[in-house]
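Two complexes come next, and they have one chain in common, chain A, joined by chain B in the first and chain C in the second.
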Partner chain A sequence: MADLLLNLLLSFDATLRVATPLVFCAMAGLFSERSGVIDISLEGKMLAAAFAAASMAAVSGSAWLALGTGILVSICLALLHGFACITHRGDQVVSGVAINILVSGLTVVLGIAWFARGGQTPSVGPEARFTPITLPGAEALADVPVIGALYSELISGHNLLVYVAFAMVPLTWWVVYRTRFGLRLRAVGENPNAVDTAGISVARLRYTAVLCDGVLCGFAGTYLSIAQNAAFVREMTAGQGYIALAALIFGKWRPVPAMLACLMFGFLDAVAIRLQGVEVPVIGPIPVQLIQALPYVLTVVLLAGFIGRAVAPKAIGTPYVKER
Partner chain B sequence: MSTAPVKIPRWVDVGLIPVINIALAFLVSGVILFAIDVHPLEAVEIILYGAFGYDEALGYTLYYTTNFVFTGLAVAVAFHASLFNIGGEGQAYIGGLGVGLGILALDPYLPFIVILPLAILLSAAFGAAWAAIPAYLQAYRGSHIVITTIMFNFIAAALMVYLMVNVLIQPGSMSPESREFAEAGHLPFMHEVFGWFGVKVTPSPLNLSVVWAAICCLLVWVFIWHTRWGYEIRTVGANETAAVYAGIDPKKVIMLAMCVSGALAGFVGINEVMGVHHRLLLNFTAGYGFTGIAVALMGRNHPVGIVLASLLFGMLYQGGAELAFEEPKVTREMVVTIQGLVILFSGALAYMMKGPVERTYVRIVGMTQRPAAQEG
Partner chain C sequence: MLRKVTAAAAALVVSTTLAPLSTVVAAEVNPAVVFDMGGKFDKSFNEGVFNGVERFKKETGVEYREFEVTNETQREQALRRMAQRGANPVIGVGFAQAPALEKVAKEFPKTRFAIIDAVVDLPNVRSIVFKEHEGSFLVGMIAALKSETGKVGFVGGMDIPLIRKFACGYEQGAKYVSKDTEVVQNMTGTTPAAWNDPTRGSELAKSQFDRGVDVIYAAAGGTGVGVYQTAEDSGKLAIGVDSNQNYLHPGTMLTSMLKRVDVAAYKAFKDAHDDNWTSGIQVLGLAQDGVGWALDEYNKDLITNEMRAKVDQAAADIVAGVIDVHDYMASDSCSY
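Up next, the complex of A and B:
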């Protein structure tokens, strides 16, 4: 029994670590998509930020400088996306695909040119990473039954960016639902004409939204390369940007449900390895691939309207043309 | 300038602006090469020689081109119905699965001449089926085709790993590959075909599917511009509301366009599984489905443009491999980078140069005082 509990606790612990980049990216996508700009380039921005942060960490040895670089690079790509979709009214999906493909090539090209390690960046030491923090009192409480284990195993002992990610969820909620900017953001994604009529610049609002998106993807990438790992590995995002997008849709473009979806997908990922070869009555052994594909399958089923209905912001995907 | 409005001739829109966009993409690629200390012009020289310089290289170039024609046509057909099919990768994967399953089941019993049409049919059917589900969900359940096709790429990848590792793997083999097909399941290589006529050509992966790709170009051209279905697809793509008034059912058109698209993507399986590897294996699609997006955008969804764009990317893939071999600082991923830039400039930023180019054109025409409409 205690063994099972500990196993479960460790799974939850792993879930938090796996879900962190998903949460960052889902919140990033939320800003952009709520303003009416489809963002399938979460993956690309995260990958670019991961590479930039790892490179900077390797060169400078400073985790904070690395974080700044990661965010900066991600912002540049977000602005490129904005430049294509908002200023030039290009196709938002095409622009996103372009960024994803561009980054997946460029990170390897630059990685090999700069570090000559087959696309990897050199591993950095703990001083250039975000390392686990022990929260105050975790040691003292460790022996207290239930609460102690929960606090010291599950809540304490993550790196700073994990806490930042989960703090972003209420922050995003507050910005989107409780501020003037948030009201306008939601309005511009539903009915940009109305926002324009009220004398507010649609383009500026959408640019602000993709900017927020860029910052958050920068955090996600930095987390991957210098918090969860100690170096950049080619294609290290491995589709997590798309999973975050799926989680965002699963959460129906709302912060808390999106976070819960991230946690669910993270949990699936965390238990996939543990469940390998486990026999389930009737079905037999569960294929790991099934669990890995489950986030995608669930999202498709949701989108098909079989479990509730995911309705996207109304003006999503359509560039705004001011009447002449 | 207050002269009478000048009509912009078609060649500016169809010829000049796309060429400028592609030139921009290559310019940025050159800057990237320059930044990593590779001389761009030397790189071009190596790529050109590596892609066309000797017959083996040409074979490889055309072999890549074949794949890009299939996936480019696939993306283009969907684009004509204003659907964005990002799922070419998954459809090609599943199309290849269809080919492999068919041949594995039939090659002990049937001769090549029977297996070939069956394999083509199976690749089309499997590819189309994999595209039909997102199409159905878009048409009848209102979910977005882009998201569902992305998800289906991942589901296809997971499914293939499961099948290869657990079901189709050759017993006793370490790597997840099926058994090799019997001779009857091999599509002849072009060097073999040339050999029948006594012409000696260096072996390369180029196989007969290049002929099928050419036929597909022709078929797609006829289908899109000279059949009722093509007309309906283009009408829905241009204006869905108008299509409804014209008595066209957009739902059926979405299904049709996506199934044709998926079938075309599935033909990658003919080239890869039946033509080159002669067995089922993992990751034989190698990103060709995504390259199809760049190819279709660059070729402006027209078979002629797609053939040219496919040749260009075939050249980049093969010549890029050569470049990576010659220049240790460059890797094959440079081609992926160029691909991204092409999608960016000729897709997402397609309208960026429109204004400036048209203004420049008007100014030039105004200066030379020629009647402007003559070329239109």
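Up next, the complex of A and C:
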């Protein structure tokens, strides 16, 4: 029983680690998509940030500089996306896909040119990474039944960026639902004409939204390369940007449900990792393929049966044209 | 389609005109190598080949042509271009180049090709494969000898028979030390993305460490980076693969299973140079020095003399045929 509890706890622990980049990206996508700009380039921005952060960490040895670089690069790409589809009213999906492809190639090319390690960056030491922090009292409380284990195993012992990610959720909620900027952001995604009539610049609002998106993707990428890992590896995002996008839609473009969806994906992944090769009574060892299909099967089941219709912001995907 | 046909026709013309020419200057070989994705400085497979061909260049003074493939579609083009330019022999690196090499080798029957890590059954191709199970057996022994918990782990990349072969050899080695050794095996995924997913590698490693494993052998390409890092972060041990990766994390890397691709590449060029070329399948195992385990200044403190003696004894037994390491790919199962 205690063993099972510990196993469950460890799975939850892994869930938080795996879900962190998803949460960052889902919140990033939320800003952008709520303003009416589809962002399929979460993946690309995250990958670029991961590469930039790992390179900077390798060169400078400072985690904070690396975080800054990651965010900066991600912002540049977000602005590029904005320039293509806000200023020039290009197709938002095409621009996003272009960024993904660009980054996927560019990171490897630059990686080979700078570090000559087949697209990898050198691994960095603990001083250039965000390492796990033990929260105050975790050691002291560890022996207290239930709460102690919960606190010391689950809540304590993550790196700073994990806490930042989960702090971003209430922050995003507050910004989107409780500030003037948030009201306008939602309005511009639903009915940009009305916002424009009120004398507020649609383009400016949308640019601000993609900027927020860029910053958050920068966090996600930095987390991947120098908090969760210690180096950049080509294509290391492994489709997580798309999963975050799915989580966002799952959560109907709202912060808390989107986070829950991220946690669900993270949990399924963590369980999949832990179930692999474990002998289950009656069935025997579970095949890898089945375990890996599990998150997707569940997604389909949940989408079909429980979530209900996800209604996107009304003006999503359509560039704003002032006059016709 | 038309373009393809004309290209093939052009290739044929070139091959028929060039081939006699190249046999005339056969004593002076014109070797070429096509590195696979990752590039010649990948600290792993390709770099091994690079070291081998560099050694050839240094010893003989013969220059070689080279190309680094950066995406899947370039493999065939690069191989064909080499053959068209009269390169002979041409080395293709890695099993991923096998289909492309097979196609090109048919178009240029007079050019000699070598493929490392795959089998292409053509009269002008030398296929070099390794007995990874023998090398894995030895590192499995080292893992089991070093483990304090009696549990050792394996993290594979993509779930393909080749990687199962590594796992199976490793398991046999670990169980050879003690029947009670528990071997926890995980595969990263079932798509090529599984070769480049350090995050998942790190999570798999964490889950194995949580289950009491204290040494993990990773045969997973870029995914292994995550495994090794997690091993260092958790104060546990890891085993590298393909080339000597001990230097990556001194004190954490217990050893590395070596595939001597440098020897294979060097020999391919050298044999052509000395007019000793043979086509067909070459299987390099412990006996041919084609596989092995790494011992250097980075891991010498982790390996005791006693461990070393036991492993060397087992290696000698394998070479002598006393120990028969089962090859997963021979029966598609790990029953031994």
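A few points about this structure:
Here, the second predicted complex is superposed on the first by the 292 of 324 C-alpha atoms of A that agree within 3 Å, B and C clash if a C-alpha of one lies under 4 Å from a C-alpha of the other, contacts with A are read in each partner's own complex, and residues count from 1 in each chain.
Following the convention adopted for this analysis, contacts are C-beta pairs under 8 Å (C-beta built on N, C-alpha and C of every residue); 3 or more make two chains touch, one makes a residue touch a chain.
Small disclaimer: the values here were computed from a predicted structure and weren't measured.
With both structures placed on the common chain, the touch criterion links A:231 to chain C but leaves chain B unconnected. By the touch criterion stated above, A:17 is placed in contact with chain C alone, chain B being left untouched.
In the superposition on chain A, A:106 makes contact with chain B only, not with chain C.
Ranked by how many residues of chain A each touches, chain B and chain C are led by B. In the overlay built on the shared chain, the residue A:290 is in contact with chain B alone; chain C does not reach it. Shared-chain residue A:239: touches chain B and chain C both. Contacts of A:300 after superposition on the shared chain: chain B is touched, whereas chain C is not. When the two complexes are overlaid on their common chain A, residue A:95 makes contact with chain B while staying clear of chain C. Of the two partner chains placed around the shared chain by superposition, chain C is the only one that A:120 touches, whereas chain B remains out of contact.
Common to the chain B and chain C interfaces on chain A are residues 108-109, 112, 119, 239, 289, 292.
Note for the complex: chain A touches chain B at residues 38, 40, 80, 83-85, 88-91, 93-95, 97-106, 108-110, 112-114, 119, 239, 242, 245-246, 249, 287, 289-290, 292-293, 296-297, 299-300, 303-305, 310, 312.
Across the complex, chain C meets chain A through its residues 37-39, 41-44, 46, 70, 159, 184-187, 189-190, 193, 196-200, 202-204, 206-207, 210, 222-223, 225-226, 229, 248-249.
By the touch criterion stated above, chain B contacts chain A in their complex at residues 32, 36-37, 84, 86, 133, 137, 141-144, 146-148, 150-152, 154-155, 158-159, 161-162, 165-166, 290, 293-294, 297, 329-331, 333-341, 343-344, 347-352. Chain A contributes residues 7, 10, 14, 17-18, 108-109, 112, 116-120, 123, 224, 228-231, 233-236, 238-239, 269-270, 273-274, 276-277, 288-289, 292 to its touches with chain C in the complex.
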